[in-house]
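Just below is one structure, and these are the notes that go with it.
We call the chains A, B, C and D, going by the order they appear; numbering starts again at 1 in every chain.
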Amino acid sequence: MSEVFRLQSKVRDYELDMQGIVNNGVYFNYLEHARHEYLLAKGVDFAALTAQGIHLVVIRSELDYKNSLKSGDEFVVQVELERISKVKFGFRQKVIRVADEKLCVEGLVIGTALNERGRPYISPEIEALFSA
Amino acid sequence: MSEVFRLQSKVRDYELDMQGIVNNGVYFNYLEHARHEYLLAKGVDFAALTAQGIHLVVIRSELDYKNSLKSGDEFVVQVELERISKVKFGFRQKVIRVADEKLCVEGLVIGTALNERGRPYISPEIEALFSA
Amino acid sequence: MSEVFRLQSKVRDYELDMQGIVNNGVYFNYLEHARHEYLLAKGVDFAALTAQGIHLVVIRSELDYKNSLKSGDEFVVQVELERISKVKFGFRQKVIRVADEKLCVEGLVIGTALNERGRPYISPEIEALFSA
Amino acid sequence: MSEVFRLQSKVRDYELDMQGIVNNGVYFNYLEHARHEYLLAKGVDFAALTAQGIHLVVIRSELDYKNSLKSGDEFVVQVELERISKVKFGFRQKVIRVADEKLCVEGLVIGTALNERGRPYISPEIEALFSA
């Protein structure tokens, strides 16, 4: 069974749009940051890989927006990893409001890793994510 | 047959991330801006609706990332509207690089409209989008 | 003597630009978020004031960029408030990298408060910031 | 006499904050994009320089916020270059609303160029900006 990584943050007011709620595009930022923190906790350093010419890239995202975050809200972003194919991995992610535990966004973000020639390349660190 | 709305823009360097490509989250911004411009061209003013307490909101997005945009790239965002149910509408969207006409992102963004009490409410302007 | 408010955060990778450092514009976000958290800690809720039609606005900013933040860096944003005139207040702010206590950005952000007619209006909550 | 470069754009709704106006931090983005377009028009490609290890960086910014941009506003960003010292250059910039020619933001952004060892290095392309 896969474990769930959790990262807690607080809404920043510049992330709100004219509706007074966190803009849809910002959730992608929240989700990305939580994925990178998850990877780092597992020994996969996104920035170090980038510097080596290995690019972790998103190839598909599916997000459902259920409830909105507002000014002052604390939230947790969850990350759960699953293998989708030899070269694709999926992050099941949720954004949950702390105050009432309401689900705000949930989704699946599918990624792969590319080497300097743009070919799929699952490096040993990334492979190790699935071998535990 | 539904017509296709097109909006051309150019990548701004602050939209790039450490990989030197437009960050995934930024495509959400591109797609939103094109949807709002499309709606405005059709007589639906997002900001004016917001001021009246009618909130157009995204409830689901599915995006496929095919190719990356880089510094200096010009791109076109396409918008095509379809009715999904009485209270849901879908925007089929594409981001196409101008130089080689490569598809960079394509996706479906599903939205609805909510009144001040948070209830689905398809105002006459929005209804008119489908009656042409 | 005025006290110093501190807020610690961590760089998020989407905040980096193609140079692999936090983009200049992002510091403005960091500074704003710290100002709002400072104000909230003092009983001034930016979002609640906005909902009442009182808009806290920035009228001038002066920022010196000394060192860059990178992926993984933790940093502290400092906020110190000073009265500049009857209707203007200044926030002296610093962004300091935690690892080596290097100053990354320092600056002065000058703001005022406007009522619904766009006139300067220092509400009692804001006035109280200076009376301690 | 130095000439003035102009770049016209339109506010994008995701750039607005809860006050319904363009967020202060976004003007930094507008100004940066205009600077890069100005430089490109003069033969200085920011991204190409970055790839060569020459980093153009901002060391100071002073901005005055005069009027706010809102949803739907078209605006022009002006750029005028001046030499400040052997290794520092200044961009005098203005953001002007098209509809009424009101000045929204004006400021001075001071930059330098650094080589791979972090030393000031004014490359020939950059030097040429001042020799016309």
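Keep in mind that, in the parts below, a contact is a pair of C-beta atoms (placed from the backbone, for glycine too) under 8 Å apart; a residue touches a chain by one contact, two chains touch by 3 or more.
The structure displayed is predicted, hence computed values, not measured ones.
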| item | value |
| --- | --- |
| Chain of greatest Cα-centre distance to subunit D | A |
| Self-contact between copies subunit B and subunit C, residue sets same or different by half | same |
| Centroid spacing, where centroids are CA-atom means, of subunit A and subunit B in whole angstrom | 22 |
| Between subunit C and subunit B, distance of the C-alpha-averaged centres to the nearest whole Å | 32 |
| Centroid spacing, where centroids are CA-atom means, of subunit A and subunit C in whole angstrom | 28 |
| Shared interface positions of subunit A, touching two or more other chains | 13-14, 16, 18, 20, 23, 25, 29, 32, 47, 50, 71 |
| Subunit B-touching residues of subunit C, taken from the complex the two chains share | 13-14, 16-18, 20, 23, 25, 71 |
| Subunit B residues touching subunit A - in the complex, by the definition given at the top | 18-19, 23-26, 28-29, 32, 47, 50, 55, 57-65, 68 |
| Subunit B-touching residues of subunit D, taken from the complex the two chains share | 12-14, 16, 20, 29, 32-33, 36, 40, 45-47, 50-51, 70-72 |
